[in-house]
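A, B and C label the chains in the order they appear, each numbered from 1.
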């Protein structure tokens, strides 16, 4: 029993970290745009495909496959996805900044469809699942006889590092402060003239790259990637962000852990829980929102009358 | 729009002629689109359609005048519509594929009209119409398969079950709004779809098979329909059934839109706090919108289940809900006619692009995004209400 | 005369901010009360507490003999309180006429079933509403009636204020709360507004009005009872002349207003 608990706790932390990274992206973008970028999950899940393609190109042009190619490919994918985010903002999402929330929601859902279909058609055999390697392998150490993989440490370490970097960036750098100002009070930010493109570009680049890292870790965790993984990745990341409270970074992390927690709990303690895990997750989403309409750490804003 | 620029009132004779002519034109266009084969043919019709919408936009008085004419001679309008709807299967003849498309389009029209109460009239997001549709289909199918209940009996029971579901998803709407509410409805949709997919008694991912065709006065809907010596394929039965449901949906929509309920929905869409200050129980009206949506969607679900005789969770996914939302937005929020046009176009056009059948979803996504960017108010924007013959 | 609205020791706190501090007053049937005070003094909060938009932190609100403290807005409106908003909140994409008809929501009854299965009754109800609304639009100053099929969002400022009042009257209230009705009106329009309110009172002698105003032209026209609020507290009450002469009012209101200007 103890082993099971430890094993599941390790799973929980791993999955929770990945969801948290996805949720951070949703939260960041919502913060400055007040719009849910529903296709963020799909954007994130393009990363494993780009990495695979890059690794194959590198291997083909430089002969044998080397671990270094994988590292390069991953970096390339993260940067490329960051750029994709910026382009999507420029071409589509920004136009819905002042539109009713519903329009933006439907438009980004449609954008998600377009991204998935493009992967399916443009990537060789895009409809099929593609194996994705564990980025690191082997056992790092064990806790009470339960082995903990390097991969787990990679996920947790990456998440912690990214969160720390983001924290520093948002609090210490001029650009980060502007993003924060824009997300904390849109009206004030607008009056102060922080409506320049750089805030949007930076936010989309950062959110999408973090999403790309989450996508790579997700594919690596699952050992496989598919063109439509973005739907669930997006739904779970979005749910985590909303449960935590949109616009709140600590909220996104807590939301990620809560979602992963219920998923792991369902799989561990409920008979046939694996099939019903999404039911548990989304019932939890409903319950949380009914009792805390603005999420766990969100502030309920009272409309001025 | 608006009374200040009132267009000349049509005379009765002109109005009657125009009412008949405009509807015949519409029917002819629909027929041409349904029959169109090959890319160029479809592209040409699309161009024609585009030109039509451009003219309507450029010269709004055309639309106003036609609308005024239709309203001027309601009996002529309705008689023409009835003749067209009743006669269409005879025109189509034995082409069962076209009939199938029309049935699906009509069911989607009902779903879109159902969602329009929320999305259009009250501007409440609901990504769970697909779930209500599914609940209608599953409840009626289960009743028919397990208890041997007749279609006509399952219809109201399924509708009641879905309405109950509508009330339940509506309850969180009292406390959450916008993005948060959208997520709640998405969550409900996923929960329902996942349950259908996993429970034993819903048949799991395989769904339910062998739902018996309904029959009316001894005539089975699975057998060809014989009228005045004409023989229509069995799909014609369902075509007329779906058409009857569309009529019910239109009447429901019109009566609610024209009553204080429609006004209350519009009020809370425009300004929730001001609506409360007029004594509108906003929470109740929101829940009501969910319930009405679910009620109508369940009817569509029931007919669908008995028509295809095989349902599975894949028929009622998140994507189905998004498609219905898109129909409302593309057609024109809170515009009954527009919503129906949106449903027909978005059902039939992707089917017609068989040349790129593989790219159907991609096409759908691009069209939706383009539409929202270029014409967010939809093909037929909402109109102001007019009372007592005022134009 | 009998008391219509009774506010007892009402306090409204938002976090650390005290928007209303132990306010007590009452208003009789058929009377007019003008509330003045500097911006942010808590005047609109008072309306929001009375109409149930906010639930007071402490205290009691009694209307027409019933305790309405913290009751939902729609219920309060049903009992006969109607209001206008400081920044007019019309249903801007609906016609002027529909705005007024929506104001009759509490005086109409059709539910879903009746609308669906007794369309005739529903239509008659709407027709009666249209007639009443048109009468209301004809009565006030301005030419709202001619503009009745315009979207409310396209109206000029003064017409927006008038429409808010017409919409509030549509519910046949016993108590009318007007939140700075003269904002955005020029002198002629303000005079017409004063005449409108005076006419209303003579036509409906039972109607009580609470008026939040900055414009002394309007306050002066209803001098019987004026109340000055500052920092959430009632600092003076009485006839217009007495309140205006009160040194605390001068300091709080006129002094600050002068300093602002």
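To be clear about the criterion, a residue touches a chain if its C-beta (ideal position, glycine included) is under 8 Å from a C-beta of that chain, and two chains touch if they have at least 3 such contacts.
The model shown is predicted, which means the values in this text are computed figures rather than measured ones.
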Centroid-based (C-alpha) most distant chain relative to chain C:
A
Which chain lies at the heart of the structure, taking centres as C-alpha averages?
B
I'd like to verify one number: the distance from the centre of chain B to the centre of chain C, where each centre is the average of its C-alpha atoms, in whole angstrom.
42
Could you put a whole-Å number on the gap between the CA centroids of chain A and chain B?
35
Please report how many Å separate the Cα centroid of chain A from that of chain C, as a whole number.
49
Multi-chain contacts in chain C: which residues touch at least two other chains?
53, 85
Return the residues of chain A touching two or more other chains; collapse runs of consecutive numbers into ranges.
305
Could you list which residues of chain B touch at least two other chains?
273
Of chain A, residues touching chain B in the complex:
30, 36, 92, 95-96, 99-103, 105-107, 109-114, 116-118, 121, 231, 235, 238-239, 242, 246, 272, 275-276, 278-279, 282-283, 285-286, 289-290, 293-295, 303, 305
Help me check something: in the complex, which residues belonging to chain B touch chain C?
1-4, 252, 255-256, 258-261, 263-264, 266-267, 270-271, 273-282, 288, 292, 382, 384-388, 390
Please name which positions on chain C make contact with chain B in the complex.
51, 53, 72-74, 77-78, 82-83, 85, 89-95, 97-98, 101-106, 108, 110-112, 115-116, 119, 122-123, 125-127, 129-130, 147-151, 167, 171
Under the definition above, what is the set of chain B residues touching chain A in their complex?
119, 123, 125, 171-172, 175-180, 182-184, 186-188, 190-191, 194-195, 197-198, 273, 318-319, 322, 325-326, 329, 358-359, 361-362, 364-366, 368-369, 372-373, 376
